[in-house]
Amino acid sequence: SRDKYQGNEYPGVVTGLAWTQVGGEILYVESSLSKSKSPKLTLTGNLGDVMKESAMLALEYIKAHAEKLGIDNQMFDDWNVHVHVPEGAIPKDGPSAGVTMITSLTSAFTKRKVRKNLAMTGEITLRGKVLPVGGIKEKILAAKRAGITDIILCADNQKDIDEIKPVYLKGLKFHYVNDIMEVIDFALLK
Amino acid sequence: SRDKYQGNEYPGVVTGLAWTQVGGEILYVESSLSKSKSPKLTLTGNLGDVMKESAMLALEYIKAHAEKLGIDNQMFDDWNVHVHVPEGAIPKDGPSAGVTMITSLTSAFTKRKVRKNLAMTGEITLRGKVLPVGGIKEKILAAKRAGITDIILCADNQKDIDEIKPVYLKGLKFHYVNDIMEVIDFALLK
Amino acid sequence: SRDKYQGNEYPGVVTGLAWTQVGGEILYVESSLSKSKSPKLTLTGNLGDVMKESAMLALEYIKAHAEKLGIDNQMFDDWNVHVHVPEGAIPKDGPSAGVTMITSLTSAFTKRKVRKNLAMTGEITLRGKVLPVGGIKEKILAAKRAGITDIILCADNQKDIDEIKPVYLKGLKFHYVNDIMEVIDFALLK
Amino acid sequence: SRDKYQGNEYPGVVTGLAWTQVGGEILYVESSLSKSKSPKLTLTGNLGDVMKESAMLALEYIKAHAEKLGIDNQMFDDWNVHVHVPEGAIPKDGPSAGVTMITSLTSAFTKRKVRKNLAMTGEITLRGKVLPVGGIKEKILAAKRAGITDIILCADNQKDIDEIKPVYLKGLKFHYVNDIMEVIDFALLK
Amino acid sequence: SRDKYQGNEYPGVVTGLAWTQVGGEILYVESSLSKSKSPKLTLTGNLGDVMKESAMLALEYIKAHAEKLGIDNQMFDDWNVHVHVPEGAIPKDGPSAGVTMITSLTSAFTKRKVRKNLAMTGEITLRGKVLPVGGIKEKILAAKRAGITDIILCADNQKDIDEIKPVYLKGLKFHYVNDIMEVIDFALLK
Amino acid sequence: SRDKYQGNEYPGVVTGLAWTQVGGEILYVESSLSKSKSPKLTLTGNLGDVMKESAMLALEYIKAHAEKLGIDNQMFDDWNVHVHVPEGAIPKDGPSAGVTMITSLTSAFTKRKVRKNLAMTGEITLRGKVLPVGGIKEKILAAKRAGITDIILCADNQKDIDEIKPVYLKGLKFHYVNDIMEVIDFALLK
């Protein structure tokens, strides 16, 4: 079913955890690049303003830290960036896809593959901090149902995990982070 | 009548299956290219935001996979792209025209003709997946009324077909797909 | 009075049949070109979104079929296109001015004059089909009041004419079409 | 007071007759040109969409008939055009300022002065027709109060004048027109 | 307090009189220029559409009369123009800041200082007229409280001053004008 | 917790004091620059129009005073500017982040570090004045809870501090200013 983890074969596709009208869900963030004389950022997937801002933040962070991320600055002048979040019929919003978006974009720019069976949720800031987000319990249950084994969370969300009964956490490994670079280092394969 | 299949003589015109206010319907997606110094994507046909996003996704996928699709990358710098869905008086929305749009655009760029008596419905994603959509039963009945014989669906929609009484499916052949490339390989003639 | 046919002395002015808040009416579509370094399409006359889309469709069709229509492609890079539908105080919408708009634009680009005492109504598509429209009876009565003698309709609208009492049709000649090229061939003088 | 005719000393300033929330009024249309590398049309004065369209129509007509009007085509590439209708606190709309706008713009482009004590009202079309407008009686009374002596109207508005008691018309001369060129020939001094 | 006159040390800062939700007030119009390859006009201060139009009018008037104002035309191609009206929390609208805006902009372009203890209120037009505005009594009282000694008003507002008890006018000098040039000549020091 | 002061290690990150739906809060303003051929100002963080205007004011002030601030004017032609205020889920508005924004931007352009344990609140104007703001008591309490020791305020806000019981102010040092340059001189290290 559409709510199962779908593998990591495509660079640029990263699994996020969302909290929608129908409860916790996994969602995919897809990033794609195409050559262009006048590149722009295109955002699709029925995204609200706050979620669109996450993508703008992610792209700006990548531009400002390109060297450290191993990305040639020239790419930003030559390539269109398109970020899509299926499924188009479902409105999506909120800042919690920030880590997923920046991982997806970095994967698309570097062609590094995404670690298998990994999902993540967390707000990002322009200076690279990862902020805690809500709906952790519902998101964790959705991740488990989908076959996820590893989850990246903001360190400030550890307290939310500590409140969940251990039986629900069986088979899940949590990776707590404070900074975007920790996310990318863990999520993307060399 | 307007709801009969109208043949495949024009490259760029592909038959979709839609679920509108008045039930299942066939609709046509028309794509046209014209030379331009500053090309842009124009979308007409009283389309809602989600349906417009499908066209943006389709064009981006084609740009990112141009070589594989046999399209000269230079075309994107030299040609306006216009996607239209008649009939203008009827508002249309939703992601299910994704496969129809990408097939129409690919036909317009490659001049490959569209297979006869074929209709299709399915959401697309940026990485090329085909996602299942709703309203399958109504769409199938509309396709039959219109004289369609072959239908492309997402593999995840097979369960919806299995629930329809066989008598309604007589004379229809279903082609289940998971990936956009399967759609194009089947729908467009060499 | 304003509702009388006003002659065919200006290329670019074509008589349409509309169905407004006050019943059937004739309306004029005026197209004008002016030299420009950065040409654009301007639409005026208190037009709704669907009617604006008809003008976009018409211009795109002309660009894509310029050679067949005897129009130098270079014109699209050098001339502003302005389409106006008097009277500004009356909101106008719907797809039925499509044939009128494409005839008006083709007349403006080719300087071919419009056939006398001719009116028309019909939706157009990007591939050049003419689609049937509603309000036929009211439109025909308005055309007759205005002194029109020849009317272009979609072939699928013939059934609407067949339902009108012959006495109302006296003095009117109907020209049924399926394709935009038939409209232009009949409407514009060589 | 502000509702008195204010003379004709500035080219580009033309007196119109309007029908606002407070009854018949005279209003001024002011046009100004300024050198610019990327010229555009600016419209101010709290104008509604239909009134803005009148200014777009007026400018397009002038561009398409520049030679006949004695205007160097090159001007449109080098000069910003600004049309303003004082007073900013009063919302204004409708097509009846069309003749006033085209006269104002032509005066600004040609530097021809405007005939003294003249006011006008009428819709314009792209092909140069002048169309009748409403509120004639109220507009005429306002013109008289303001000291106007000559009024340009559409020929189709003569019937509205014929219905006004002669005593109200004393001291007013009416100039009926069908075409924009008649307006300009009468309104602008050589 | 913020409602005291704050001196004239900065070119580009001019004191206006406004009539806000809380009665008569003084407000400052600040104009600033900065070098730019693609100059534009930026308007801030929580301004309504009519007040934004005043700034557009003011800038256009300055462009059209640059030579007379002693401004090099080339400046308009090289400098961003920013007009701000503190305080950002208070919505402001209406045409009565016109004279203040044009004086502020002219001061910014010419670097001429503004006359001390001067305030002003009046609508402007494109041809340079100053129009009367409302709320005169409240504005005058606010000016007095703030320590203003000289006030520029439209000549047509003299009747509003004549209705105010002389005791309230003690220490205030009124300068009645009809034309923008009179405003600038008095307000800006050589 | 997220409401603790988070250090001064990043140039471009400055601590502000805000008054949100949930009372007094500290917030961070983050500014980031990235190379670009066509630089623009991007604003994120769920900001209302008045708060966006603060960022526009801040950037304009910096452009107009670049030399004094030790910033090479050429930077404005070569660098994108992005200002973000975490947390994206919380709508933010009002003019009181003006001083924080201009300090953040100046830090980003000059790479000067921000003084430790410092927070600030105040509206800015285009001529460089700092204006008083509301909610001072709540903001001060939030600053204390977060571990702030030094606070920049407008001199006109001193009266609000004088009304707070001294016990609440223990450990806080106030720095009253009238001009933006005083803010920058104190807040940014050489």
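Every chain is named by a letter (A, B, C, D, E and F) in the order it is written, and numbering of its residues begins at 1.
Criterion: a contact is a pair of C-beta atoms (placed from the backbone, for glycine too) under 8 Å apart; a residue touches a chain by one contact, two chains touch by 3 or more.
Since the model is a prediction, treat every value here as computed from it, not as a measurement.
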| item | value |
| --- | --- |
| Chain labels contacting subunit A and also subunit E | F |
| Same vs different contact residues, subunit A with subunit B, by half of numbers used | different |
| Subunit C and subunit D, separation of their C-alpha mean positions in angstrom | 30 |
| Gap in Å, rounded to a whole number, between the CA centres of subunit D and subunit B | 51 |
| Chain centre separation (subunit B, subunit E; CA means) in Å | 59 |
| Subunit D: positions in contact with at least two other chains | none |
| Pairwise touch network: line, ring, star, complete, or other | ring |
| In the complex with subunit F, residue positions of subunit A that touch it | 49-50, 53-54, 56-57, 60-61, 63-64, 73, 76-77, 94-95, 98, 123, 125-127, 129, 131-132, 156 |
| Subunit A-touching residues of subunit F, taken from the complex the two chains share | 1-2, 6, 10, 12-13, 28, 30-37, 42, 44-46, 80, 82, 84, 86-89 |
